[in-house]
């Protein structure tokens, strides 16, 4: 699971606000810059070595999508910032991966920070990555921590001209990126949901301390998910309200769709939290039940044999004058008495439903 | 119980927004299309094979209610969408049964998604179905996942001309459909309520681990109900505020009535949640009480017989010189002492209210 | 306690909205209709057989209070509805006793539904009754489920001309009715409060499973009270804001007074809920404490006598060569050793504060 | 602790609203009326026998503070009400000590009800008293249930002309009274805080059932404090917003100061509530820990001695042919075996960290 | 940990509002006054003995930052107050270290109170210090309880002219101070986070009562942090909304940045609270699990040996006629039976998964 608090603090304290410091794990070797430039009729796609190669596209009327994988090369970020007129604080937010999802609306561009989640099947852990989007009149710039495959279907759609994307503007492209990310949350939630149901099954069959640890891990993941998705709701909402002049009215209905999905995700996370709380209750009760079971076994054994042992002890005494000891049927009589005592006990426990 | 998260994710990721994909179980073999077309004086009712047969009704001034059972035939949905000018995202929502209840107000039609609930008496489980309503100036289109009987009384009323329905417009018809669905929630809650009271009764008499499972199932059903009904409140509320020009003022008081019912249902769900929490507390206490009971039995047996066994053990020792062993009344004296010890113990436990 | 969900559902599903069906228990044999007609100078009071006898009062400028006890005679309700121009949905709400408290403001009358509570001392249970009030320019109509005595002091005040009531309008009369009902909540809370304090006392002295049941019953009653009183707050508040033209400005301060009382009642219910939660904690701890007590007794007995029994067992062995057995003071020596062991144990438990 | 619900109900039900009935304990023998009349240059202070002696001050331009200790003499209250034009409902609120803190703004005076708290060191209990303030253009009337010393420093300041009080108006005097009361809450909270910390200390050392009772008492006191202080916040806030024309702008900053203090008190109460919940958790865990301890002692004793006793029992059997019994070193061999078994057990428990 | 309620009460009750009394610990011997006066081109920095030396800077157009470490010298505070036209209540708040974070906007200066936190690594405790900031057109005055190093990097930036600080106004300097403080919260949270993770590790390995105490201490620290940071949010928010004319528009985006950080800190504190609650659950379950373990050991020992001891007891009886005693293989037969009983028991417990 990603840390609840990103290690941002020590490196940053005391620096000039707006100083670029890459905070977070370096997840990729070399920064990869890909450009797709398109309008309804034409499409140009290339991967560039130097960031400067992107700049000529800026002044063309076509839609330009610059996708940057890797945040550690601060020079690239700085050059883009200069070229596209981004505020130093925006650049600082892009390279500091401990951001809370947020939207900032500048006059000629909108800046959005999001969390993208992966579920690492091997480790069984949530992984988070920060994605920053900047879109203006005719460009979208996306920053990722590493090369991902989540935008591939979108790229394919652009290439093939499927859907509205080639006809619509940069705002629609930004929406499509957002939509890909939000759709991905559903995948994560489904995977988590299956794991949770497995844990529930296990809990019903054989609850162990490990089951508790599993429940707790899920709870922590839900805390993390919640922390990522609640602010996302505000982000999408403020886009969907149509306050930015960069968002075309025809895109608003699509953003409303994303907003509905976000609400649905939040609902689901809350439902899972409720489920996990319920599982904890079941776990605690099953421990109590088990202890009850153990106690009953002990008590049944003790209550049956302790009186019998006492009787045996009595006739093991060495008193000179113990008349029963001389009786011919004394021994068998005592055995009979013992059997009766045991039977009475068993009936008693049967009645108490302990057996 | 329906899944908390509908399996929507994997099929959808990366598709063009607005692509029609039927998500959910296919609950019916063949799509069934029924039309009722009426005004105050005349009524026409028929079941059609081809969706195109519905379209002539569209331009007639009479109210047309098209009821479509089954969502898997995407062609039908698409044709209707084209004919009635529905947005692709609306069509997508209709066939994706994992929607959250919501209302979308377009210029010339209003789109409402709802959850209809059934209580499957055999399985003892809640079943959910998605219902979509679209109403415009003179038409209502309803989409259901399977053929249901919930709208039959309404159909009967239209046929017989009972109530306002034949005199009022499409908005009143839409209200009447909504009202049928909301009324049905009361039936569900009543059935659940009876089951919960049964479980409460059982809890008081003989709480077992199964009782806990039952309580948990109810809790999960309440989470599901809540998830379905909370957004319904917003839906009805936004209709009832009269913001849509398609809703006549005279219908508003009826919508207010539905709104009141929705609030009442929410109240009831919350009350049940509180009750179920209380039942969990009782369950946990009753486990503790049982363990207490078991412990007391053990302790009474142990405390009475352990000292006696000790005494018997003492006189079972083989020391050469043990004067008591030679006494004539030694044995009976010891038996008497044992009886006294046991009696003292019993009095002690009586005082402690353990007996 | 009244049911949390009134059995409304099954009879109603599929009926035309506005159809009159009396839902709820029939608490009275014959409907009783009483009229008080008054102004500052004159007063007429009578009990009528037929509802039509009320109607002449309607057009007189004097204030007319029609009090109807019993809701099952739908014909009476319908006639009143027709005469006073009430909406069919209002009439439906009057006879359906499962309503949530609410206020509806029509142009020429205001409709208020409330819950009246009784505490049945014999059964030790809360009883609820639905009261509907309709007031217009110069009339107030009140509907009760059975003949009650709660309005008697008000009637007396009207007869004797005490207070403002004879000088003020129908809105003041409606306020006075509301005030009687809200004042009655205080009585209920006081009675419940005494019972809760009794239960608390009992809990401190001898907590049993019954105490838990009592606490739970109170909790459920608090849920019910809350459900009745929270919406009342909105009702009074919307009256008190003076939005209705039927409420005179001079009455507003009185309504504010009722509003203050409602808030105070809600506060008290919340405080009781907190108290009851605290009592549950005490109950659970006292169970744990008791078990601790039981365990200590068991452990003390076991820990003292088990070693002693072992020693006795050793000297009960039949080895041919056991030198101690032949010693003269062997027996007494062993007894001494046993006494010392027991004493050490006792000191040890004393130190552990188990004794 | 004061009762959570004041006994107001039974005496009041059915009375004309505005009827004066003193509800609450009579805490003082004879009503005491004190007047301070001052402006910047002069000061007159006296204690009067008859309330009528206050009235001449009313029309003087100087600030008049009438302080009335004791609420049971309804005649005095009524005369003041008449003289100062107070609404009957205000008078009713003054003498009914079960009020919730509130502010009512009339045209020419403002009415404030508050709770004053004392901590009775002897009984270790919170005591509450109701204080009503009425201030107009040039007068302040304060009603207390008994003679208190809380306003003495303020009186002294007026006499000595310290601070702004002699220069400012009646609104500042009212503020100063409010400030004295709110400052007193800090004293109460400090005293309670010390007691809570004592209880926490005790909890860490030796938690008993009494500790639980203490925690619960504090919890109930916090419920009570909360009930008193939350509405106070609204009272001060509505004064501080400067809506009343009776409050001078220069006084607003002082009211904001009081408001800050109120928020701080609420914060503190909430923090104490959190602390007390934490203490309950610790209490419950310490019970469980103790039981664990007890169980371990029992188990260690049982697990060591039960096998040994069994061995002793075996060689206590009276079989004719038991070869070991004849061995010379049989006895000592058995003793050795026993010692080894015990040692193994001890090592085992050591490893399990039970020792 | 700092006290949840500062000891403010007793010294203050009854004093004239605005009286300067230093409340809180005296953390420094002698008050230290440092001045930095700068504009874009020049810089003057000095440490003065007498506060009067600061005043000439006031009327210069350059930005003046007066930093005062130590609050106990009331004369200095008073002189500054007089010189800069501060309200007596502001001065009172500065020297009373029990303030809740708040912002007060006066016409020509803004007053901000904050909490600065330190984590004392040695004591393992949070330490809090109150910081007051006052900024006007061209001056910032900061008051600290003791000499700290938190503003040193900012001083360095001013000296070296790094960043915007030398070019911007007093509002930017105030922002920079705020930013330093908020950044420091991240450091604290990181340190606390590491400690919490350590405790979590410990909890998984060997939960003891001390672990519980540690968890509780963290919980209390979270309560304290929350109390300090929630109001900070409002403070920054009200600055960021740009309501004060003293805050330049270009500074707003920086304040928004601080606001984002504050939200992030609040999020993190809430996440930690959730984590700590989860740890408490784990602790309680692990106690129950341990007890279960103990009980199982006891039960296994008891259930195996009690029946065997009983059998041994039977053949230890001294009856004259016990045929088995005479059998040659009687003894070994009994031993065999015993071994079988023990084996059966072990298999039984194996099946029950107790072994």
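Per-chain residue numbering starts at 1, and chain names A, B, C, D and E are given in the order in which the chains are listed.
We adopt the following convention: a residue touches a chain if its C-beta (ideal position, glycine included) is under 8 Å from a C-beta of that chain, and two chains touch if they have at least 3 such contacts.
Here the structure is a predicted model, which is why all the values come from computation and not from measurement.
Separation of chain A from chain D in touch steps, taking the shortest path, is 2. Shared contact partners of chain B and chain C do not exist in this assembly.
Where chain D touches chain E, the two copies mostly use different residue numbers: shared numbers make up under half of all numbers in play.
Seen as a C-alpha superposition, chain B sits on chain D after a turn of 145°, to the nearest 5.
Between the CA-based centres of chain A and chain E the separation comes to 26 Å, rounded to the whole angstrom. One simple way to say how far apart two chains are is to compare their mean CA positions; for chain B and chain E this gives 43 Å. For chain B, the set of residues that touch two or more other chains comprises 284, 288, 291, 295, 298, 302, 306, 309, 313, 316-318, 322. The touch graph of these protein chains is a ring, one cycle where each chain has exactly two neighbours.
Traversing the ring of chains that begins at chain D and proceeds first to chain E, the chains occur in the order D, E, A, B, C.
Every residue of chain B that touches chain A in the complex is listed here, in rising order: 3-5, 7-10, 12-19, 87, 89, 98-100, 102, 104, 206, 209, 212-213, 216, 219-220, 223-224, 227, 280, 283-284, 287-288, 290-291, 294-295, 297-298, 301-302, 305-306, 308-309, 312-313, 315-318, 322, 324-331, 334-335, 338. Within the complex, the chain E residues that touch chain A are 152-154, 156-157, 162-165, 176, 179-180, 183-184, 186-187, 189-190, 193, 204, 253-254, 256-257, 260, 263-264, 267-268, 271-272, 274-275, 278, 281-282, 284-286, 288-289, 291-292, 295-296, 298-299, 302-303, 306-307, 309-310, 313-314, 316-322, 353-354.
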